[in-house]
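The following pair of complexes shares a single chain, chain A, combined with chain B in the former and chain C in the latter.
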Partner chain A sequence: MSDEVLASPGVRRWRAPGFMLAVPAWAWFVMFFVLPVGFVILLSFGAKPDIFRPYSLEVLSFDQYAKALDPAYGPTLKNTLRVGITGTIACLVIALPFAYWLAVRVPPRWRGLLLGLVLVPFWTNFLVRTIGWQLIISPDGIASSALQQLGVISQPLNFLYSRSAVLLGVVYNYLPLMILPLFVAFDRLDPTLREASKDLGASRYRTFTQVTLPLAMPGVVAGLALVFIPLMGDYITAEVLGGAKGNMLGQLIASQFLSAQNWPLGAAMAVLLMLSITVTGLIFALVGVTVRGVLRRRRRIVIDVLEVAA
Partner chain B sequence: MSNNDGLRILASTQATQRLSRRSFLAGATVTAVAGSTLITGCGSSEPEPTAGAGSSAGPIEDQLNMYTWGEYDSPKVLKEFTASVGPKLQVDSYNSNEEMVNKLVATKGTSGYDLVVPTGPFIPQMVANDLLEPIDLTRLPNFSNVDTVYLGQSWDPNNDHSVPKAWGTTGYAYDTTKVDREMATWQDFLDVASTTASGQVSILDSPDNVVGLYLWAKDIDWMTTDMALLDEAQDYLVNTLAPHVKKFESYPGSNGMPQGSFWLVHAWNGDARQGILSSDDKDRWKWVLPTPRTEIWMDNWCIPKGAPNPNAAYAWIDYVLDPGVSLKELSYIGYHTAIKGIEPAANEAGLDRLDIVFFTPEQIATMEAGELNDAQQKRVDIWNAMKAAAGR
Partner chain C sequence: MTATVAPARQNRRRIDWTNVAMGTWGVLMFAFLFAPIIVIVAYSFNTGRLLTSWNGFGVQGYTDLFDNPVAQSTVWVSIRAGVIAALLSTTLGSLAGVALARRPGRWVPIFMVVLTLVLVTPEIVDAVALLPWFVRLGTDWGLVTFSNGLVRLVVAHSLFAAAVVALIVRARMQGLDESLEESAADLYATPWNRFRQITLPLMMPAVLAGALMSFTLSLDNTIISSFISVTGNTPWPVYVFSSVRSGLRPEIAAVSTLMLALTLVAIGVVGLVLRRGGESSGGIARTMTGA
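Moving on to the complex of A and B:
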């Protein structure tokens, strides 16, 4: 056999099939996504027999879904969607000009430093950062005393434990996740395209809306998804800053697993949360695609071939 | 084996005859008797055996893992225990008995914890589900320091599995600079919560206490299994009270009260005391033990099955049963530690706000213990629905 190999003109070596490269990723995906989510879905069809057993899968039914869809939980779902959608849009509105400025206007030598500063909050634990806000906006915190000394308010600040406090917290916590993909998208744009747009007579506004923004769309979509999805499931921010008014589904699910010890109900709520995230995402995607279609149609330049020929 | 056989070693025969031990938490009708023995019990000093931790089977391990309620031991005592006895401590905390029970069930004896602190009514089922090791009282010389009034409760008549840690009750505190009226009853709480203090109220994040709030105001047993009454409670809590709640919080004393976030807080007495003492302006707060009824609960040291460091666990229990150590614990946590003579000792030491720690026999007569009964799930459902409705 060795003779044969040596005899052949090109040495034939054993080559691993290409898919082997993806094995670690697939193993990870199965272990940490497919199995846990599969178990959560299975659990959601179970029941809670007594307080000494958090779940039982002896009889499978839709009972937990009926309970989870109880109108009593409607306000919590509404709150969650409201915070999720408003928070994501607020992140986009704040991040868009900043990322554009960082990628286009800032001299390249400063970009690394500024981008590093955007990431600095991630060096601190999520919970600790959020508790930091609790200290700042509490009635005896620094924001309250500063505003009182400036004469803006006469009573201690009554802002902690409200929906607005949760909104502040989520925008703060998730903003970097919006800035990064936007920055990458703007950074990748070829500056010559903007120049070409200018040469052809487009105003700065028109260049931004018709050249820069459409080309950066993949970054916008990535940012929206990166912020909206974890934000909808967040419960730490709401737990620390929200109080009774700013409650979110994440808290309700956590309390089913930790306090009420009703794992099947918690699992059913988690599945419903995933569904509502998917449905909301689909609705927005549909609106986005429709708007794009309409815009393209309106902006289409029809060149009549016959006329040109004549 | 009768109850007395198990307890003979624990107290003088004179004392055991005199005391109606089980009556302490048994209900309002008999607590008046227990209340009077409380006072005599505190005054009389019985001969105490010399303390000596760890007369045990084998050496004390160098680690001790405790799973307990939040802020439930004095940090100073924890440090001194390691310094004088040896084991290094790791303390984890939970918010409810259910949470603790579940962790023990899920890990099937491999939780790694050496001590847990369940509330009384949870103990029988924990024993039945084989979650707890029996406790050998002969290995606890300081056990004789426990006031016999608190021994042999209905959930563990011979203290085979538990040793009293602390007991307390539920009441409320209000900020007198914001609420300008006298308050004394649970009905006052509900009235003020939905008027003057609307939107500035903190409610205990615990199913039993949430339901108790309404039932106590109406002078109804909070452990009722009458579904009509529970539906009535649900209707009031979800539709009337929920919109006025600012936060569901089991430990308002640790942050919310000193921060000034609430005007009216529903709280366990020790936590309310911690909150008042850590506020800049202590006189702003007024504590109320409301009438006509309220809760009494007692937490107990237990050793979970499969505890890796049982000798260290025994050493710890014995250590905190020492009257001097117990006083330090009480000074920090603000709950009665069930040790003989702790009330006079605390008075003598001049500790702050002892009116929130010790109660008169008349007050104790209005307190009722919780139980684990058929209405448990309904109470959890009401609590869930109320929390959801508060976000409306």
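Moving on to the complex of A and C:
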């Protein structure tokens, strides 16, 4: 009896602080993520008082947003959105058959090795890989001399520092972020579902579009988000492969902080970047949900007709 | 006789064109994924003064490293920041991951929202948030630690990595039955012994994968680092980024090649440890990506 009384407080003392283990991480994230992001949002309402100080919070206003939405910056926002959306869709189109092949068609004993190979570029320095592309596509680079020797082009390749070069770079850099969630989604699928679909007389195409793909949708959505979000904020690829032409919002923000020293304007641009990512994401989510609803409805009608016929 | 055999054989030999197309696509994809890496490794043996124009084959890029104290010091800064950031984010993330999996409660959804926000915020937003914050802490509030370049790098690199580690460890612990820890408690193991002898070995593969992930994420980080780094503590990628404008030299490819070798060894070790832990390739991918 007395033992029990003694034991129970001891047990309770261990059980009670359940989330205690997460407190250090909590504190860390609040101190170096929540507060700084909150501060930068506050900063976007500030002003640059003179050339010596980067910011002042004495008067708060929407002035910086008005400046950031100036027509002069319009093309940059448009270009960023265009590169972001085209690049993300290109990643999906390129990665989908590859991830399916890797997860379903490749013999299991090779799968681990091939997946490891996909991870190699993912874990190689981002900037160095981009410089690798610069070496390939520059006018005196490998692609240029190879194409000239084959007689495809007569002059050195004029591709570096163009918008297409930036698009190539971002598709390359973010492709692994699309492949991995797609692979995980396809890998999780029960192969018996595909077999059942085949046994019921569905063609391969139908099995893929009506069984495999809908079940892999969470992976597709994860991949789209994983690629689109960092791509929109990227300025390194644009700087290395686009030069002056690859104008992305990230470059503009960086120049406000690092060279112009106008922090409030840069902060307002960063907030606008986050807003444009969120709004684009919401629009795509809305379209996705609508399309899914329409498809489900159409399929339900087909089943009703069959039932009536029977 | 031959007439009956022939169609069967033909049937067996009939090529599955979808498979061939997919296989070809797969090979092309690997060529695409590896093209710039192979080029960087090849160009690290360029003897030209500038990286971009090929001059001849030689190991000058590697030997020049010894005469370039600036490049050496930036690599050293990156490695130090990487190791400290990995230790820090692995500790923070592992503790949080265990708590998420084993101590459910009302705090979990709120914490998951913060974790998700940390993971989905574009790097450039973190960068523009941390620069004024460090200036405020270091200059305005007199906390001079935050004017130290290495401290800044470690703090900045540990955020995203800690969130990744927390998710990896949580996924691992959720997949494991809690009964082992409970039976250890029933056998009067102290909380510390229970953690050391049961929980820690169980979570070890995830912790290890997380630590290596944090280290490579830190080595890779360019955007945040270029905003917050302080002269004298410039990390390697920021040095490379600044020489993109001023002219790339073959040493850069040489160091990149050495670092690639290091990464390959790291991936190999993690893969081996996870495989020894009985994971499937899908499981390894899940563990490594935190999905």
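In the analysis below, the second predicted complex is superposed on the first by the 269 of 310 C-alpha atoms of A that agree within 3 Å, B and C clash if a C-alpha of one lies under 4 Å from a C-alpha of the other, contacts with A are read in each partner's own complex, and residues count from 1 in each chain.
FYI, a residue touches a chain if its C-beta (ideal position, glycine included) is under 8 Å from a C-beta of that chain, and two chains touch if they have at least 3 such contacts.
All values reported here derive from a predicted model rather than from experimental measurement.
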Just checking: does A:L258 make contact with chain B only, chain C only, both, or neither of them? Give me first, second, both or neither. both
Report for A:F29: first if it touches chain B alone, second if chain C alone, otherwise both or neither. second
Touching A:G141, do we find chain B (first), chain C (second), both, or neither? both
Classify the contacts of A:T76 with the two partner chains as first (chain B alone), second (chain C alone), both, or neither. first
Partner chain in contact with A:V152 - chain B first, chain C second, else both or neither: neither
Looking only at chain A, is it chain B or chain C that touches more of its residues? C
Mind working out whether A:Y161 is in touch with chain B, chain C, both or neither, as first, second, both or neither? first
Under the contact definition given at the top, report the residues of chain A touching chain B in one complex and chain C in the other. 54, 134, 138, 140-141, 258
Going by the contact rule set out above, which residues of chain C touch chain A in the complex? 18-19, 22-23, 25-26, 29-30, 32-37, 39-40, 43, 51-53, 91-93, 95-96, 98-100, 103, 105, 107, 111, 114-115, 117-118, 120-133, 136, 155-156, 158-159, 162-163, 166, 191, 216, 219-220, 222-223, 226-227, 237, 240-241, 244, 248, 252, 256, 259-260, 263-264, 266-268, 271, 275, 281-282, 284-286, 288-289, 291
In their shared complex, chain C is touched by residues of chain A numbered 14, 18-22, 24-26, 28-29, 32-37, 39-40, 43, 54-55, 94, 97-98, 100-103, 105-106, 108, 111-112, 114-121, 123-136, 138, 140-142, 172, 175-176, 180-181, 183-184, 187-188, 204, 222, 225, 229-230, 232-236, 239-240, 250, 253-254, 257-258, 263, 266-267, 270, 273-274, 277
Residue set of chain A touching chain B in the complex reads 51-54, 70, 72-76, 79, 134, 138-141, 156, 160-161, 243-247, 252, 255, 258-262
Which residues, counting only chain B, touch chain A once they are in their complex? 95-96, 98-99, 101-102, 105-106, 125, 129, 203, 205, 207, 238, 242, 245-248, 255, 258-261, 280, 372, 376, 380, 383-385, 387-392
